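The chains carry the letters A, B, C and D, assigned in the order they are written, with residues numbered from 1 in each.
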């Protein structure tokens, strides 16, 4: 026992010695003398819609990402980690609370991300939040079909609905917005008691905040219609309203995706589909970092591993 | 004199190790039979054969016959549970169950399905009286049996055994963990009980064997060296080994 | 005679019934492992079979690979196995001496009241859910790691690192190790201690030389259990591992990737091969745990020869 | 070295080791308390998670009279014109809301009718503590203006806009704060109940078989090995197994989706090794002499087990129960797939729901991790764990007393 013990103590010391003596191994073969200038690249796991939008915008091909990147599990996780790492760089949704996470949003191609720059298209790193409904006539009842249509109109046409989406961080264009009272007049189903009807949603988790707020606000406007949200990822959005799971245990009435629908996700059969708001993806660094602006090419170089320290960005 | 157990050619193995070699003896009814011998000689093993407690030990094989009431207790026809209700046992260390004194004694009858409160009361009282414990515990039958002294606990275990009205009581060194006063009480009890029961006792204490037993068997290395009336064994042993043991030259 | 024949018959039938019932339950319990293994195997092996719908994966390069990238379609878990072994083992190295000493303190050295208090401390630590450890790790341990790293002038990935994983696991397996050790030490026959004291050894000498030696088999069993927990811990580890894309990781301040963090990363949104391969990773994890237990049990048999507990 | 000095050094080391564990526990508690304590309130514990939204218009028979509206000097921003005081709050879920702190009895907001179809214009009054989502008001020109949540910005601005621009109130959309975890607490308790109800009888029976009946043969050692290996299966694998293999079983009971029942079944299997192991350890401690004593009195084996062995082992079995409860409360990975992460205010056995730990996991792995709320829920979990430990220990002592 004694031997075992001393062995363990020695091992413990050895570990701490190794810990003390070894400098960060340099994976890129770059310069590490200036500890803080080496860039720590953060990304999301490959199933993330934000990552897809980000990589599309900077032109980073599938698989070109540097091996040295660290994967984070969510938008908030990314913000937290970059905020704690003076050498970190990452990307998050515009709705993120930058200040609270101690991160600084960077301009992209010289353009600052804001509602205006996203809407006029000058800020390029953006993605739509899309919806798709079941096919016309493929609902449990006509009333439900009407309610789904009314809800879609609520979030895409009415000032009130857009305001709710906006309050949850979505970027909406009020240009063609009308008062809800006007929109509602087109849907007589709203006048009756709908508490026996449940609208089911599926798909992207990124839209969860906006859609649950919109549904909660829509509920009293639509005769207490019930709702059940089962968000499990963009991939399930189309699948559960038009695809192979549309009649399964997890079937839904409206599916969402935080990216454009793919070619194999044919939305032509849907009663309605389109985007209800835009989201901007913003490159962030830790708050004390002196960087202000990055070009698409620079971001691509950083994420592909061609640039490994902040010094060479000047 | 009636025979209680007729033991014929018993061999017993623990795995490969032979613990009993060709044991033959007769045990008589309403007599006290004592087994003596040095540690590891097989006397405890043998007494556990008489109510088949050895069945509980893994890898234990018994051959030969032990005839009781015309039936070999090792034959498949013999019901073990039934055998044990007729052949009770008291162990080396007192082992009262962690229950009340009353429940300890009522345990056996209850296991047989006796529920009648009156009958149970009667059994408990008579059993305790028989072991002369009743006066000491009459006012606290509901108390835990663990609180009794060692000697009391052992008498309780005997009472528990008597409560089943067995034919035979096997005692495996019942006094080895007790003080002299408790020991003498148990010894008196044995003499008292042999009127109604057949008693088989394993003991290390040769005086004890001499005091209470009618017959004595001397075990050595798994064999019965000699068995005879106690007086004969202690005064005129036939075998040299018996004599050596009794006179304290070994063991 | 007391015996009520009818009742006795019923008792016997009941006895038989219960024997059968207990046995059936035991078989049921152990058959769950068969169900689980079959299920994980069926799912986990499928990517390596020809005709797999998303394109067959090469088993050898899966097991020996040093890059795990869904985006490139390269799945190699070789380095992840090494990382998992390293982090679990280092956690054990840190936690083991501390927990054995704490156990000795609680079981033998501490005054009665302090001992009871310490026992509750260990029980409380055992009761803390693993997600809570995860929250604590990403809030506090990462900060500590970052601070340590800054002493050497190293910047870390916000504290997410091998070291953070090791510290987290060391804390998480501590209660398991300690309570098993306490049980083992308490089970040591007091006669042994008295014999040691009677030979003129001091109380402390007896504690260290007799109690620990006699209890080592039980203590080692605790270590095996703790190591198992360290291998299998998922949610908390995933919060601080940093999920490196290639490896293996030997630098304590570099990010790492364990089998469990790999299984969890992006699990919610993924489909196809990337989903199925997680079962393969799970299968690898089960095999790793199984082998490690097997080896440790052999070691335990050797060192436990003259142990009582 | 002097023996005494050496002894003291060794002793000292054990003191230091123990102190370290105390420090770790203290650090965890300190972290949780400093982050989460401020969020814990009765609303959080007993409240609904989902806000109830109301949409209400000012009654037709209400006549607005500014002079009738009284003074208010409490906290928040007060509009003497409309008789309503508002303040900015941040909810436990980190949402910023404009909350009502006071409504004057003569305020229009006290005399409203529901606009929700199906509620027949039920009378409503704005309650303190609810949060305002939007307001429709009349401007100077008599036009209806929509004041959205974004345009309201904060409490001060809302009051300013209403005071400056509004000549009348048309309708208001408001909701209760929500965010309570009562449903999750119940779901957790259901999970504990279901999993113990199933795993205790199976586990204890298995342990009895293994320890009391099983002889050393191949089949039994296979059974034992199987159970031992179950210990090593990571909990996430149990979850994946549960949703595939056990889902059909719950379907027989009427489940249509993942459910608390499914989670409970999965956890029951996960608990088996723990329960079996601790029961076996308890059985080992029961002296063989008691079994011998019982058997020698003609008791059958099963009588011996139920009447003598199990009562003696009850404390050890309770330890297993405690460990089991701890695991159920703490489990998250296995539940992600079996109960779903849907928060349910009124969970039933066949509905989806989320346990407290799973809720923490969702909060931490969501788009924006909320350390404060996670810490608060962790604290609540710890309190529940302590309470259950305490109760089980008391039961154990009672039982032990009646036997010994």
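In this text, a contact is a pair of C-beta atoms (placed from the backbone, for glycine too) under 8 Å apart; a residue touches a chain by one contact, two chains touch by 3 or more.
All figures in this text were calculated on a predicted structure; none of them were measured in a lab.
Enquirer: Name the chain pair with more contacting C-beta pairs, choosing from A-C and C-D.
Expert: C-D
Enquirer: Can you give the whole-Å distance between the Cα centres of chain A and chain C?
Expert: Each chain reduced to its C-alpha mean, chain A and chain C end up 35 Å apart.
Enquirer: Rounded to the nearest whole Å, what is the centre-to-centre distance of chain C and chain D, using the mean of the C-alpha atoms as each centre?
Expert: The computed centroid separation for chain C versus chain D comes out at 26 Å.
Enquirer: Could you put a whole-Å number on the gap between the CA centroids of chain A and chain D?
Expert: Whole-Å distance between the two chain centres: 27.
Enquirer: For chain B and chain C, let me know how many angstrom lie between their CA-based centres, rounded off.
Expert: Measuring from centre to centre gives 50 Å for this pair.
Enquirer: Show the residues in chain D shared as contacts by 2 or more other chains, in ascending order.
Expert: Those would be 300, 303, 369.
Enquirer: List, in ascending order, every residue of chain A touching at least 2 other chains.
Expert: 73, 80, 205
Enquirer: Would you please write down the residue numbers of chain B that are in contact with two or more other chains?
Expert: Within chain B, residues 81-82, 85, 111-112, 164 contact more than one other chain.
Enquirer: All pairs of touching chains, please: list them by chain label.
Expert: So the chains that touch one another pair up as A-C, A-D, B-C, B-D, C-D.
Enquirer: Under the touch definition given earlier, write down the residues of chain A that touch chain D in their complex.
Expert: 73-77, 79-80, 93, 96-97, 159-160, 163-164, 166-167, 179-181, 190-195, 205-206, 208-209, 216-217, 219-224, 228-230, 249-250
Enquirer: Name, in rising order, each residue of chain D that touches chain A in their complex.
Expert: Answer in residue numbers: 50-51, 53-55, 114-119, 133-134, 144, 146, 148-151, 173, 175, 256-257, 340, 342, 365-369.
Enquirer: In the complex of these two chains, what residues of chain D are touching chain C?
Expert: 3-4, 6-8, 10-11, 13-18, 20-22, 24-25, 27-28, 31-32, 35, 201-203, 205-206, 208-210, 212-214, 222-238, 240-241, 244-245, 269, 272, 276, 281, 300-303, 305, 323, 326, 329-333, 336, 357, 360-361, 364, 369, 371, 374-375, 378, 381-382, 385-386, 389
Enquirer: Any idea which chain B residues touch chain C in the complex?
Expert: 79, 81-82, 85, 109, 111-114, 164-165
Enquirer: Inside the complex, what are the residues of chain C that reach chain A?
Expert: Where chain C meets chain A, its residues are 67, 69-73, 90, 93-94, 96-97, 100, 138, 142-143, 146, 148, 152-160, 163, 208-209, 212-213, 216, 238-239, 242-246, 250-255, 264-266, 268-271, 274, 303.
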